[in-house]
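For clarity, chains are labelled A, B, C and D in written order, and residue numbers in each chain start from 1.
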Amino acid sequence: MDSLRYQIWRQLDIEARPGHTMSFANRALIVAILVSVAAVVLETEPTIRSGAPMLFITLEQFFGWLFVTEYLARLWSAGERKEYAGLIGRCRYALTPVALIDLVAVTPFLLAPFVDSVDGTAFYVLRLMRLFRVLTLARTGPFTTAARQIWHGIVDRRYELAFSSLIALAMMIVAATLLYVAERDVQPEAFGSIPRAMWWAIATLTTVGYGDVYPATTIGKILAGLVALSGIGLVAMPAGILASALSTAYQERKARRGRDEAAAGPGPESERHQSGLD
Amino acid sequence: MDSLRYQIWRQLDIEARPGHTMSFANRALIVAILVSVAAVVLETEPTIRSGAPMLFITLEQFFGWLFVTEYLARLWSAGERKEYAGLIGRCRYALTPVALIDLVAVTPFLLAPFVDSVDGTAFYVLRLMRLFRVLTLARTGPFTTAARQIWHGIVDRRYELAFSSLIALAMMIVAATLLYVAERDVQPEAFGSIPRAMWWAIATLTTVGYGDVYPATTIGKILAGLVALSGIGLVAMPAGILASALSTAYQERKARRGRDEAAAGPGPESERHQSGLD
Amino acid sequence: MDSLRYQIWRQLDIEARPGHTMSFANRALIVAILVSVAAVVLETEPTIRSGAPMLFITLEQFFGWLFVTEYLARLWSAGERKEYAGLIGRCRYALTPVALIDLVAVTPFLLAPFVDSVDGTAFYVLRLMRLFRVLTLARTGPFTTAARQIWHGIVDRRYELAFSSLIALAMMIVAATLLYVAERDVQPEAFGSIPRAMWWAIATLTTVGYGDVYPATTIGKILAGLVALSGIGLVAMPAGILASALSTAYQERKARRGRDEAAAGPGPESERHQSGLD
Amino acid sequence: MDSLRYQIWRQLDIEARPGHTMSFANRALIVAILVSVAAVVLETEPTIRSGAPMLFITLEQFFGWLFVTEYLARLWSAGERKEYAGLIGRCRYALTPVALIDLVAVTPFLLAPFVDSVDGTAFYVLRLMRLFRVLTLARTGPFTTAARQIWHGIVDRRYELAFSSLIALAMMIVAATLLYVAERDVQPEAFGSIPRAMWWAIATLTTVGYGDVYPATTIGKILAGLVALSGIGLVAMPAGILASALSTAYQERKARRGRDEAAAGPGPESERHQSGLD
């Protein structure tokens, strides 16, 4: 009995395996989550659902019970770790962030029978929260190193990113205010207030440019042109900061690795180790 | 009495506190400015204002008097510093750039009763100048280091940024001229003159692309396609320059910090200090 | 006879020439491929084809037989290399990836007489596969070094690029779901399901913004605005990673070249060699 | 007499002054060119021209004769340099690229009386060639260092930029072909041939997205979505290459300058000189 629990624990707990390689069960669960998310996405399209209504109901039942079973198996096998042994240990496990995410992701399926099927569309969409479980399962491996590096780059330059975002926000308010003053009499529907003009400002400064609203007056077009030209710089700034942060983080990681190797095999070898960076 | 003035000065003057941490009063004032700006923005939307007309009038009165009080308190407590003591010192303080910005931001509220309420929309918008006060209040701390670094990066490459901006401007004139020649007979409204075609050129080269104007003739489409393809490079150039400037500035700052530490604890330690960069 | 085969082999086989410079025949073939691709592209436009119908038929016949002849000449002259000598050697050559690409690119021309001319448009388009032959011919020279460097940069950061792409995909699903919930009752045609809303999400997050679909409700516009603003960061992230990867790869290549030179002429010269990087 | 010619030469010839600072005459001429270009641009707009018809005629006459006078003054004063002395020397000067650009820029004004005023719009636009004269005048100073650095960055990575541009071109052909196959029956006007679909492909891959043409079928939208998502990477690639090139060029320039200083004041000072980079 203990041996089975140990085997299940070894398959399910990400930190159970040495070297943090991903177990077969966790790999399979990631695939199952992605397939179930794709099923939920496709199910919302009437022309697809009407083509195979039973398929989607079956898939939903299958994945729902699979994830419920998985949750219970994780809860049970968590007892393999000293800190989660016993009933109180299980409660402690159930309150860890990862276990809470697992529980939240499984709730919509369990509550589905009690929700009115007509108004329930918004509710069914909650099943997409399963997406976040992929992140909790992919906590190890090279993928996570990449994620950590991107995250490290963002944190390292958080003040610069925040400052450039604030400049962008101020620019957005100024742009919306300018167009509001210039166009509010001509196009009250689109520029009749600063919040309305903000929709135009966002579409312009992100260079999306739907074209549903744009200035009609000459002065409005001149102001909009100036705003669009400044927008290039604003869009470029966070990109530049992020690029610079990632580049620095990567080079330092490589340099540190090179130094660590140099420290292991010292002396005249150090130069050769530095070549190992390339 | 003097003790109260000292306490207020300590709370209001950004340079009063050692280590340049932000006082509670200044933190609260930044929040108040942001809330009052949000109120002005939302007030312009008729559907929101009509929902709670008294709320916006009350908020405006509250923030107006708050900022007037703050201005007077700053003027009074400035006397704590030797250079601003006495009546002449206060006048000298009132003429500093920061104090002038504070005064300008408070003016629209004080003049509001004398402005005709019907034509006054543009006037009310002046209250948004309060936004600039946030910058004068956030003059210290890590945020400002980030701002200075971005600014340093821009100044360091000012000639390259100016050159690439000029190339972009020349490109814009050339693009507008080409489309003016190609399309002026077919679409006189949109391409009947170079300034009119400039509206299209800006929308295209910034990749906003509203879609209100676009070439109709084959030759116009070919020229527009070539302009759009070149536009990628133009948009990329300032971004590339800025990214490169920020990266260089950051690495040099880190390297200098590393060297400063190495200079403090010299000798064989220097290598370990260099690892401190990571 | 053998001498002619050797001459043809020297002209056709990219690896036949020392220093991997490109032979006259291969240069001419690249031009021929580009011209024939341009002919296929232009031929699809009725107004151009009707202007010179015989020209396109003649061009197609000319290039078709040229590439068939080239394929046979490559097959025959491959015998110059020991491993492809004899009939079995030729079969071995015909199964190399490059030879298979050559064969596939020549097939549409050979099969054309057997395809119904009315429904054959999609078939004719297959002739554009000739484009890929350019890549197999441009396997050497500085162009390829550049390609390899870009490729190396992408591979080196594959996990970061994959991670940021996955974040972008998750963002796209979240964005489409949000707008589906907000707008599905108002615009069932455009936002009636998550896959439909995905069309809007892609157009917005890539900042293309055709403007055929956009939110109509206030809540939809607010959500769309937030999505568009986040989209800047997503678009910036792979660009930043790629820029950082290319920069690192390039600097390391230069540094390695500098070290190699330093290794050749050692001692106090090393510093001067380092200047050789510039 | 000779003294006057020397003074004019000192004012006009960019290479006449030590340290290559810009003379007053050349600064004034750059301003004159920019004003005359602005006048030509504004003159094309009927609502502006009809407001002050005499102003534009007067401006054009003034700038026209100014630039003719300048050209003659340059030709005459070029005799101060040995290689351009005498009649044959003047001819040699007149055939230098800079003098030819000056001549070409002045021609439209001289030929204007002989051109039919009704059909002459395209001809008048040629006066905008004066824009290029700004580049010949701004050949020195920090501006030119920036231009040279950008140019150096582009040349240094020319193969990578060419390769990524070719990939973008191939992507464009593939995208246009895919949409042509998917949409040609539904929207023959917009996707009836590959060249027509190319207009859509350019608008999409540059993320301009006018919205005048977009796929209507489901398969077309899926293909267009995939093309738009790949387009992000394509747009990012040249930007990344350029950013990386500029960063490298700049750092090397700084490092070289630091080394040059270190070479001048050698020994234990070198480290302090390196700090001088920051």
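Everything below uses one rule, namely that a contact is a pair of C-beta atoms (placed from the backbone, for glycine too) under 8 Å apart; a residue touches a chain by one contact, two chains touch by 3 or more.
Please read all numbers here as calculations on a predicted model, not as lab measurements.
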Pair exhibiting more inter-chain C-beta contacts, B-C or A-B: A-B
Subunit B on subunit D, rotation in degrees - Cα superposition, rounded to nearest 5: 90
Interchain centroid distance [CA atoms averaged], subunit A/subunit B, Å: 30
CA centroid of subunit B to CA centroid of subunit C, Å: 42
Junction residues of subunit D - those touching two or more other chains: 198, 203, 207-211, 235, 239-240, 243, 245, 247
Subunit D - residues contacting subunit B, complex: 37, 40-42, 44-46, 48, 121-122, 125, 128, 131, 142-143, 145-147, 149-150, 198-199, 202-203, 206-212, 235, 238-239, 242-243, 245-247, 250-251, 254, 271, 275, 277-278
Subunit B residues within the subunit C interface of the complex: 207, 209-211, 240, 243
Footprint of subunit C on subunit D - complex, ascending: 157, 159-160, 162-164, 170, 173-174, 176-177, 180-181, 184, 192-196, 198, 203-204, 207-211, 214, 221, 225, 228-229, 231-233, 235-237, 239-241, 243-245, 247-248, 252-253, 255-256, 259
